[in-house]
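Take a look at these structures.
What follows is a pair of complexes built around chain A, which joins chain B in one and chain C in the other.
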Partner chain A sequence: MNLDEALKTFIIESRELLEQMEEALLRIEQEPDDAEVVNAIFRAAHTIKGSAGLFGLEYVVAFTHVAESVLDKVRSGELRVDADLIALLLESRDHIGVLVDHAAEGEEPGDATNQHGGELITRLNAYLGHQAEAKPAGMPVEHEHKFEKEGGGRVATDNWHISLRFGPDLLCNGMDPLAFIRYLETLGEIVNVVTLTEAIPALSEIDPESCYLGFEISFQSNADKAAIEGVFEFVREDSQIAIMPPHSKAYEYLKLIQDLPEQEMRLGEILVKCGTLTRAELENTLREQAQNSEHPPRPIGEVLVEKHIVQATVVEAALEKQKQVKESKSAEASLIRVDAEKLDQLINLVGELTIAGAGASLAAQRSGIPELQEATATMSRLVEEVRDSALTLRMVQIGGTFNRFQRVVRDVSKELGKDIRLEISGAETELDKTVVEKIGDPLTHLVRNSMDHGIEPAEVRVANGKPAHGSLKLNAYHDSGSIVIEVIDDGGGLKKDRILMKAIERGLVQPDANLSDKEIFNLIFEPGFSTADAISNLSGRGVGMDVVKRNIMALRGTVDLDSVEGQGTTVSIRLPLTLAIIDGFLVSVGKSSFVIPLDLVVECIELSDEDRSAAGERNYLSLRGQVLPYLRLRDQFDIEGDRVRRENVVVVQYGNARAGLVVDTLQGEFQTVIKPLGRIFSHINGIGGSTILGSGEVALILDVPRLVQQVSSKGERSMFEA
Partner chain B sequence: MNALVTTERPTAVAKLAEIQQFLTFALGSEMFAVGTLSVKEIIEYGHLTEVPMMPNFIRGVINLRGAVVPVVDLGARFGRGETQVTRRTCIVIIEVPSGEEKQDIGVVVDAVSEVLEIPATEIEPPPAFGAKIRTDFIHGMGKVNGKFVILLDVGKVLSVEEISTLASVAGQGHQADAGRVAIQ
Partner chain C sequence: MSGNEKTDGNAVQFAVEGEMTIFRAAELKAAMLPEIARAQEIEVDLSHVTEIDSAGVQLMVAAKLEAILRGKELRFTGHSKPVLDMLDLCDLGGFFGDQIIISSHAS
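This part shows the complex of A and B:
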């Protein structure tokens, strides 16, 4: 792990922490008394500051420090959170995000950013109560705990003494010893530092990836012990660190000397050299040591308290903190961060395995050897399990995406001057990570649209007998192999007549067309609707809705809209759970095999002789009294060979449209790994991809909506031409 | 192999050395060759899945150890009609640069013959006409035992850009036909 990778990890973690921080800030708005949430916010800021310090990202440290100080006051109950403070903290959070982005780019923030940061610091400082004498950013708050003085036995120096023995794995963990010392300098002045090289073995035994260094540091600072300890937060576990406050008792130094691995005399010399102890003090100390050698070892905290070196509360806080760190460490241990590429590779391999397994089963069946068949049956089951658990690795809860909308709703409702509340349900519903990543944009669009155009201003709402505050709901649930995401508002709903009028005006529908309500609503997804600004006085929902639809269709999803005038609108997005694998329905025409996505298949019927003989005149049949237009894949795809005696019709439904696909034989369901067809076939119509069958042959996956749409538009056009 | 070539001709520039080995194959009665560095493997003809609505020189796709690879009929691509499949028909998998990436494309050939070393001095520029295939498809004319072998420029012959454009045109044309048929 080199420093670049460590920095990358820092960036990722910081962004995650910022997300948690935002979520917590929005939550605190509802429940200002929840101490745990405040702690979470504080911890996030604190961790970002600490890690940023390790990388020498001064601008992040300086700004975050001020925000952290304010948060500390909130935590200690000195400050109460109100809407203004939350707004300010949210802004600060965003600013930290900007600074982290700068760090990711590897560049210093520009003037505009710095100016914005400066303004925020001034506003934050107002909460700290020293607006006038605003300290330079990064200057630590003054030490609040005064040590009780006690005569005698104390050493003369008024410097802190820090004794560091880094663990051997420090370098392997991506840390740089120098970074800690550099960071320490942000808290005060290093008066003297002695590097201990004793632990370095003979050249032949040196492991270049191990750290053998130790440091004795004499340090002048006003920071409190916790702050100095914080510097070493990331190495505390593996390293031996002793921090002695100024004017510590000689006894403490004695203890230090005893605890450290080096020889006593040598260490004593170092302390003298370092300026921590005078020669006389050292001699006293060592003499004392000789006398008190049977001194029973006691917990250091207890000793410290007893000697009035630190206050009991401080020790408690330190212990508490230690516990927290341990807890979060153990929580982290149950999660592993994995490179997405590696995961993709695994999924690909599992896909291969599925195909190879199907091939083996096929061969086993043909062979007629019972043992072989049994073995392949067991293997197939295992492969299926492996595949399922591999796929779940990519599953993430949609809650994370939903929660981001808390902020969107908060900001947009402020912007619009509307009081809108966001309700979230089904946050635990899981779906594929790639789908989650891509659904964010369309969702944002829909949410903004609902807030902007769907939900009426408060006075209109009250006049219509609705509660003054609007509500927006995000809901998710699983429904037969796909996930449904709903955006529901309780606004004014869509005005059907005006949409229809507009559509007729634009030539999207015939004036005499008889459309259902749903079909009318779905017209706003038509590209023709997106450019019109006249739509904004209607509902404005048309803006960019075609783009939303296209994005969702690119994910093999569908979008549907339902609305009741005066009561609100519901947009339902239906997405496949994963992009890698679908449930398919295998059919064949002549020698070719095709896969129809199973969720589109409604039923299969036999093409009756009557319909067959009438096929020359018409391409529709009666499905229990309803008209069902159909198309022959054989004609459509120009497949050689004669029609078979018994043809079958696969009835497919997508959105509101139904159609029949005439095929030769039905092969049944099977789960299929989607393989892209590559750029050569990028313009192909009606085929969405390919998959590999158990036999090793490639089968094409039909893009049913496009296939049918194409046939119908071509057919109509030809009719008009004729 | 490269090492051998460079020791023989130490002064040869790297680029020339790279393309000095050619895989030769027969298409009808004529010999063609492609640089060995772009050849990934040679497989038996079979298990081809046709893709509908494609120009006739796109034979279809095959499963190459889990990857779906398009297969082009070189004879049809040169406008000489479809290659008849015989016992010796092979698919040569060729790696074609396509923008930033590389795309594998299979080509159907009548028979693969041998790998030849052709020194740069034995390579003539393509004739202005007379080869009966597009001039820009030809990288050069190699002289082997007094006969000419057409050295193909795979980047042009198998240009992903061009093929996908042709494919989309063919698809549309086919669609228009199909539409008319349906209405009749």
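This part shows the complex of A and C:
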């Protein structure tokens, strides 16, 4: 691992930690007494500081240190969290984010950033009081010595003892042991350091790029064990590190615990194996724990400490070890970090494989050799499975994106002076990573819009008999090959007649147009509407709803709006699960082939003679008594050639609308890789992309949502006219 | 390593210039070995060391050991600020036993 890569990892991890920190900070607002959440915030800040120190990012260390000190006071219970403190900590978090961005760019922060940092530090210091300079360096800290029975045999020193033996490859890996020791100084005072030079060979023998160093350090600090251990986070794996807290009962126990082989063991066993406990003591304790069964069983470590059998620090070290073993095991088992580019490459290859596979199947069919056909059939099935699992690799839960809105909602409601709560459901719904990345901006806009213009001020709400606090819901679910994301508010809803009035005024619709409620609501996505000023609850925000719609359409998705005046508005975004590969249904018209996404196909029927002859007068047919508007692809795309004798109708459904697409022949199912069309084709209505058939010919992928929309509005109109 | 070398009978003087870090560790080792072989008394001028890390410290220790094993005398002189800082950090001043001049001008 070279330094650049390590830095990249640091940046990625820091951003993740900052996200966790934000989430925890928002959570702590609701549950200020949850120690675990406070710990999570502290750990995030601490880890960022520690890692930043390794890279010599002084500006990150300096600032984060102050924030961490404040968090430490919260953790120890000296400070209570309140709204102001959380706001400050959130700002500090953002500032750390800015500093990390600077680190990513490889530049020092500018004056404005530094000034902002300085202001934050001043405000943070206010929480620290004078504690910071109270303790002159080198003064021994008074510790209360508490002796318990069997507590003898302790090391008398007040200091931590840190024993370090660095691994030989450390230097090659771009790490400098001295940097760790230098960094240790930020946590406390190094009382004494002994550099072990015994392992260093003479110059003629030395491998100058191997690390031979070891250190024994006596260290005075108020930091806790986790903090000190954090310093050595990056070298823990290939070095021997032992950290003994002050007043350790006996150095050897801890050392032994640290040196235990990596395997999961129960705490008691660990302690027995170290000699901290005898087998009899362990059994006694376990028996006692079982007898007190009217209380919920307590962790064995707690029982042992209470009985003064072992010292808390020993237990802590053992637990730490256990946790490390567990953590490293579960992390090994469940997660690998993979470069997103590699995944994209894999998906591309799988795409090509799918096309090649289709070609092979076609050739096999033509050849008429049964063995070959069988082989290609098996292969197609396997390719399909490979494709599906490759695609799931890129699937991520939408929860991460949703959770970011906790902060948006919090900040915007402060800004607007409204009390708005965010509810999240369907967070576990999965969709393609690229889609998730691109949906953030439109969602943010919708959420802000709902909060700003949808949800009324508290007084108005109360007057209308609603709860004073507004509620905003983000919901996601899967529906027929798409994911639906809903932004639901319980605000005032859209005012239909005013929208219509405005639209007529702007020339978007004819005054005599006969529009359904939905069509009227959807008018606000029209470009002319974004700068509307007269309709107060729709006023623009720089970026209009038309941009939201355009962004979503670019993802082959649709956006729909439903609203009940006085009760709220629901915006539904419907998106394809993936952008790369679809199961298609291949049809042809004349010499052209088209692919319809299979998820959207409901059924196929033959176009009856009666409907055929009526074509031209009306473009809908009766499907088991239901009206089904339809569209001739031949007419839609001006395909030459005579009409065939028998035509087929593919019934497609998108959302709630159904339509028929009239084609010449049905070719059957077909896996396709979506290839984007060039820019010059972007104006063609009804085509979403292209793909390559097994024969090498190009087929066009139909943009079914657009066609359905076109057909159903035309169909309705012609029905009214008929 | 610099060309700033003087051989005077049984004594040799040379200076290490620039960084004494992992990036140059192999190069420095190769350069120092023959110097130590050349004379009975070796003086290494560290006044132009701009940066030193663990690898550099190891080299200093290794050079000193090499000299001791061969029954020679090796001294480091003119420690620059980074070198002094480092010696202070790992408390190795005593190990080398060199005369360290605390300079009043920060370099």
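Operating definition for what follows: the second predicted complex is superposed on the first by the 437 of 722 C-alpha atoms of A that agree within 3 Å, B and C clash if a C-alpha of one lies under 4 Å from a C-alpha of the other, contacts with A are read in each partner's own complex, and residues count from 1 in each chain.
Rule of thumb we're sticking to: contacts are C-beta pairs under 8 Å (C-beta built on N, C-alpha and C of every residue); 3 or more make two chains touch, one makes a residue touch a chain.
Every value quoted in this text rests on a predicted model; they were computed, and no experiment measured them.
Looking at the shared chain after the overlay, A:F681 reaches chain B, while chain C stays out of its contact range.
Look at A:G351: by the touch rule set out above, it reaches chain B but stays clear of chain C.
Of the two partner chains placed around the shared chain by superposition, chain C is the only one that A:V193 touches, whereas chain B remains out of contact.
Of the two partners chain B and chain C, it is B that touches the larger number of chain A residues. Of the two partner chains placed by the overlay, neither chain B nor chain C lies in contact with A:K8. Shared-chain residue A:I692: touches chain B; no touch with chain C. Look at A:D176: by the touch rule set out above, it reaches chain C but stays clear of chain B. Of the two partner chains, chain C is the only one touched by A:Y212; chain B is not. Shared-chain residue A:A202: touches chain C; no touch with chain B. By the touch criterion given at the top, residues 170-172, 176-179, 181-182, 192-195, 197, 200-206, 208-209, 211-213, 215 of chain A touch chain C in their complex. Contact residues on chain B toward chain A in their complex (touch as defined above): 47, 49-54, 58, 60-63, 65-70, 98, 103, 105, 160, 163-165, 167-168, 171, 174-176, 178-183. The touching residues of chain A, when paired with chain B in their complex, are 348, 351-352, 355, 592-593, 619, 631, 635-639, 675-687, 690, 692, 696-700, 710-711, 714-715, 717-719, 722. Residues 22, 25-26, 28-29, 32-33, 36, 53-55, 57-59, 61-63, 65-66, 69, 86, 89-92, 95 of chain C touch chain A in their complex.
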